[in-house]
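What follows is a pair of complexes built around subunit A, which joins subunit B in one and subunit C in the other.
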Partner chain A sequence: MFRRGIGHILRVLAVMALGVPAVGLILFGPRAPSSVPADRTVVVYWEKWTDFEGRAMRDLVAHYNETQGRRAGIYVDYVTTTGIDLKTLIATSGGDPPDLAGLWHRNVVSFAASDASQALDERAARSGITQDMLIPVFDEACRYHGRLYAVPITPAAIALYYNKDILAEFAEPLQRAGLDPETAPRTLAELDAFADIVQRRGRDGKLEMMAYLPASPDTIGWFWNSWPIWFGGRLFDPGEGRFRVDTPPFIDAYSWVQAYTARFGRKDVLNFEGSLSNYSSPRNPFMTGELAMMRQGPWFANTIRQFAPDIRYGVAPFPTIDGRERAFCEQDVLVIPRGARHADEAWAFIEWLYTAEPIRVQSRYGGTGLGYDYCEVRTQAGVERRPMPPLRPIEWICWMHCKNTPLREPSPAFLETHPNPAIEVHDRLARGPEARFVPPLPNWTELNAEFGAAYRDIWMTDVPARQRLEALQKRLDVLTEQAKRRQARYGEEYP
Partner chain B sequence: MKRTAAHSDARDGVACGLLWISPWLVGFAVFVAVPIVLSGALSFCEFDGIRRPVFIGLEHWRGLFADPLVWKVLRNTAVYAALALPVGTVLGVAMALLLNQPIPGQTLWRSVVFAPSLLPLVAVGIIWTWMFNARFGLINSALALVGISGPTWLNDASWAMPSVVILGLWSIGHTVVVYLAGLQDVPRELYEASHLDGAGPWSRLWHVTLPMISPAMFFNIVVGLIFVWQIFAAPYVMFPGGGPQRNAYFYTMYVYDQAFAYRRFGYACALSWVQLLIILALTAVAFRSSRHWVHYRGA
Partner chain C sequence: MKPQTAVRIFYLGLVVAASLGFAAPLLWMVSTSLKPLEDVGTSRVALVPVHPERTGQYLWENFYEGRPTFVDEQGVERVGYEGVWTSDNVNFPLFLRNTLIVAVLSVSGMVLSSAIVAYGFAKVRWRGRGVFFAICLATMMVPFPAIMVPSYFLFKWFGWIGTLQPLWVPAWFANAFNVFLLRQFYLQIPEELSDAARIDGLSHWGIFWRIILPLARPALAVVAVFHLTYVWNDFLGPLVFLHHQHNFTLALGLQFYMQQHGGTPWNLLMAATTLTVAPLLILFALTQRFFLPGLATSGLKG
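Showing the complex of A and B:
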């Protein structure tokens, strides 16, 4: 067929040049790590955590593999995965999901509503992981239409962190205004009063320091969608069946946010905001003293210890309109995707996390990543260093991540030795009657994106908050109707 | 007899050629052609990536005309294309003309102009986020030197679009290289003849240089047209959520959000087809108009 000659020889050489390395790669190329024992069922566990959080989970998984996993013939293979929700979804769609996936709480309902994750009620009941074992708000956030689709792994309630040294600098004017510089504001009116006094401008008149900044979602304005909670509202009323943003708590909350820029000068505030470094940095504005107060979760103690251990700070419930304690909560969760090959073994790992006897895990990567062979216990005599206490696995990982416990009855050692000295505040907030999550809606991501666009307009422009929220409501209603139709096509109800 | 042998040789050549490019052909079929066809089919379905697709007829196609965000992102993308493409073309030609001059360090300057286009777009987005920083950014610092108080680029609805256009100019290096290649090809005798005819520098540029590099300009404009209508990575990094008043929310960002954030794959497919049709139509217009302004040597 082919003419013989130089050309033919060159072609054969070309094939060999490409083919020989290919065959070599197949025969001698990369292999799965040999540390995976051949005689055990491998549970593929995708998790989003990196850095010290990832290392802590790896240590816990290694402990399981050495102990209970060995006895049960299970090996958990921890795989760090970025963009975990999307990748889990695509892998599930393709029929090759991980056996266990560490998602965000906002994924629970959207995964459950589209049948991407397995209901866990029966397994939980068999293992004795009952509803009353968990703090209600964390349990509720794992349910959709009453069924359990996830289990909490590291939950958190948000609180106010305030820099006592900065407030002390302004002690005199604060006291003149009837405010206590040693105590955090309890109401939003008090927060406003603090904000009016605790600020500094440069010679050019530009803002250099502020007491507090609501901020945009794209900078440090985390939890921007939770403001109505602190105004006494709920983010979602199940009786309503749709996401409402044109109600008084929303309008009051976002009018207050907008008034913030008006009070300090929009351009000044936006310039100041734009100059702030991001959260995970030594230049975090709380560490640099550019902000005297921040709304954060319990993990913030880790960040402070890591970047500015000398800051004297306090933690309190975030101020509310009427002084009542309210909280916005978040949590990371574990789900078993639909089609997981080793769902039983994946559940066995979850069961161990929740029901195993307290353990001591060898880990050099606790808290801040600085290395914890000990914990710090606050006594009347001061801070005392003790060996790490034994903790149930689920509490051990929450401790290492510096987060709340999901357990209704935590081990005394968990609260006593927790790396966040104010964990009791976060714990109390999570147990309160007004602890809330984001709305449990299948299309929350889309609704939240629209909400975010409206929030940016309110924060960055002078379109009145009420007007923008009313326009937003019309858009949300259209999207809700579309979501209802989509669910109806699969014989499902919305929400 | 001779003809039959020639025929057979030709057939062998085609078979051999097809065999050699078959890996690409298979890859193209599996990863491009089939997905394009499937996306057309999915545009008539409800599909969330998990549950089976449900046929819904023209609902997505009708829905996208009623979707205010579609019009918003179309407008943003069209405005961006209308600004970025002409500015990029003029600046690209101007840079190429400058870099074509016999100046000291000519190769170095060419490398400096080309180097930014090698950077990943996400990295470019992050770098420019800091360049545009209202307080510490290089741009506002430079403006302050001449007594201008710069805007809050990323937080101001009216400056969001110009920010993206300026950022787009950062990577004009590859178009400059194409223009430079075109300039090398302009015959010296044409310049000499025009000089003898009394043409000045501007006249030579207008009547000799630009017509002679018009094929390169045409190539860059067509490629640029396709590129600007697909702008995605850098604004996605710089303006999460589309920026103030969503003035930096572009078509491909919306398609991505619909597919991968909201898991409305069917709707995203319909949107993608609209984008494909727009790009095809604009490319056809560019080809049609090229008859009037693109001059090929010897044509």
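Showing the complex of A and C:
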């Protein structure tokens, strides 16, 4: 061996240094803990949340297992997984689904239309979880052909976050233009006026800061398909029976988006956009001051607290064409997949979430900078720390995720102690008459992908928005006809 | 300076620049894993933390113990993250163990089965060999998502869903790419060696085991490294077939650090990623001399 040289000996030693611990880990390493009690019915619950969102749900599930679950002989086995919609769909088609799956609102209709989820109306009626209990927009997004296929778990209404310090920097020119630097724009015309003033360019003329960027956060922006809402339109008209993008609110909305880049110089805007970090980065452009305004959900308060706690920010409804308050909503939902082995027990857990008396859950975790065995209450004297208030389980999880409540009548403590100081704005928007979701279409994923490609063209090129949307409509009509034929094969109507 | 030396320096500079370009994401990953979250969130772009003298402390906190609770600069007690190895949010040692089990069983199976199948295609003459080899190669064209659902049905029938078996048992039935790679290598081994062994009374199995396999060690190492890389990084297979975090692998486990609505602890994500890729990088560095000849002689390179 020594004849081969020191290099060889070192390599052998290094391989052993890797190999011995590896073998040790395989033979004596940690085993899967068996925490599932043998005397209870196990409800397998797949959820997409990770880290602090996942920990909160895990704590809530643990509380259930210790209390109501013990009494009812039910044990909820909480499994965090990624790619939840794909995984649930494959497992359901394979006849081996979980008993409960935490999906996104956009999955509700496609799962229901493909018979991958169970209707919950009868169970909900028996448990007293009626339409009156939920905020209408959140209830509506859980229905397909009038039947309930999901229940909301953590909903949200989108609003405008604005950096008060940046607007204050531009106070003088804003005031000269008749704008209030302390208040967010109410109309899109005002937003344009803010955008003309609140901007900074470097010596080389490159954009370094903007008031607002439609394509932010991330490449083409979140909520890009919601623009017609702010122009007074609906994303889907049930009377039409198909997804229309060639109507005035769509054409006006996307023409405005296109004109926005043209005003600042398309190349400059695209360069600026390319230089911004993505949303979940600590260098989120709102945190770094590269953007003074951003469309976001109530969870944004958590992110700001973690990465830029010193920012002085305000929250307002996103500006609309006529100043009326409108909202785009999102929510995570719970569904019971078709073929679930313990559907009744899974429903018992949902029933507990919605109808149990207010509880206190012991939960301490990191990530948000707050421990959450206490809350911060805003009083006239300032911010005061108090123990966490008792909340109904469904509100507790919404509180922990820093989101809206789905309940028509929230506990006063929910709004009073919520970690987002502007939760009232989000709550008001969700309750408004013009709160909307994405269209409830079985083939929405497919249509949305085509729509996204068109939006990218509109944002990045000179092809007029009207022309691109009219061309898109032809393509969408073809896809809609295909979907109608697919539905007809199963004796169902589209949408 | 001689013109030749100048050219050499120029080329060396070019190579170093290109290497740094390739290594930059890796360097950034390691650098971020050695910073506290506060540093990651600032606009300062640097490879070293704001307080480089505390690098040892950050190394300990991010990779091992973390700061479950700490007092911030305003004197407020805060809840922080646990380090990667001890976190109860992500059971890294368990995920590593699962990955190692899958890797060891899968790589052993792949090397052995591909070696046997390739021998059949390279050294045994039989009717229809060419056609079957073409069919074997054609399976490379079928992507995994296309067979995902049928595979799911099959494994469910076997009762393997939710276990590690779907991730390593198929590896014992060879893989077209590795069969092709080994067949090319075997074809370069002179037929006279097999003939001589046959005269000495060896069967096909004896020739394969005593003559061909020892000569094919560099090519087998290539197969092992390629397959190990694939198994170690495989995301879709574990996602579809594993149903509980008790048997998740590292590739799935890394997702636990990403959050739906932002607030990702990038320093911990990078620390976990560093720990995940480190065994592969070290193994590559240690064994490259051994398997590079295999690449050169199996028709994949030069």
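By our rule, the second predicted complex is superposed on the first by the 454 of 495 C-alpha atoms of A that agree within 3 Å, B and C clash if a C-alpha of one lies under 4 Å from a C-alpha of the other, contacts with A are read in each partner's own complex, and residues count from 1 in each chain.
Everything below uses one rule, namely that contacts are C-beta pairs under 8 Å (C-beta built on N, C-alpha and C of every residue); 3 or more make two chains touch, one makes a residue touch a chain.
Bear in mind that the values here come from a model prediction, so they are computed numbers and not experimental data.
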Requested in this report: Check whether A:F307 is in contact with subunit B, with subunit C, with both or with neither, and answer first, second, both or neither.
Outcome: second
Query raised in the report: Which partner does A:S275 contact after superposing on A: first (subunit B), second (subunit C), both, neither?
Result: first
Requested in this report: Have a look and say if subunit B or subunit C is in touch with more residues of subunit A.
Outcome: C
Query raised in the report: First (subunit B), second (subunit C), both or neither: which does A:E446 touch?
Result: first
Query raised in the report: Of the two partner chains, subunit B (first) and subunit C (second), which one does A:E351 touch, if any: first, second, both, or neither?
Result: neither
Query raised in the report: With the two structures laid over each other on chain A, which partner does A:I90 touch: subunit B (first), subunit C (second), both, or neither?
Result: both
Report task. Would you sort A:E47 into first (subunit B), second (subunit C), both or neither based on which partner it touches? Result -> neither
Requested in this report: Answer with first, second, both or neither: which of subunit B and subunit C does A:D252 touch in the superposed model?
Outcome: neither
**Report entry** Partner chain(s) touched by A:R456 [first = subunit B, second = subunit C, both, neither]
**Finding:** first
Query raised in the report: Which parts of subunit A are touched by subunit B and by subunit C alike?
Result: 86, 90, 93
Report task. Enumerate the contact residues on subunit A facing subunit B in the complex. Result -> 1-2, 86, 89-90, 92-93, 110, 114-116, 206, 216-218, 267, 270-275, 338, 443, 445-446, 449, 452-453, 456-457, 460-461, 475, 482, 486, 489-490
Report summary line: In the complex, the residues of subunit A that touch subunit C are 11, 14-15, 18, 22, 25-26, 29-33, 44, 46, 48-55, 77, 79-83, 86-87, 90-91, 93-96, 98, 279-284, 287-288, 297, 299-300, 302-303, 306-308, 364-372, 401-402
Query raised in the report: Where on subunit B is subunit A touching in the complex?
Result: 12, 15-16, 46, 48-51, 54, 56, 63, 68, 133-136, 152, 154-157, 239-246, 257, 260-264
Report summary line: In the complex, subunit C touches subunit A at residues 37, 40-43, 68-69, 77-82, 89, 91, 93-94, 96-97, 100-101, 104, 148-149, 152-153, 156, 161, 239-240, 243-247, 252, 255-266, 279, 282-283, 286-287
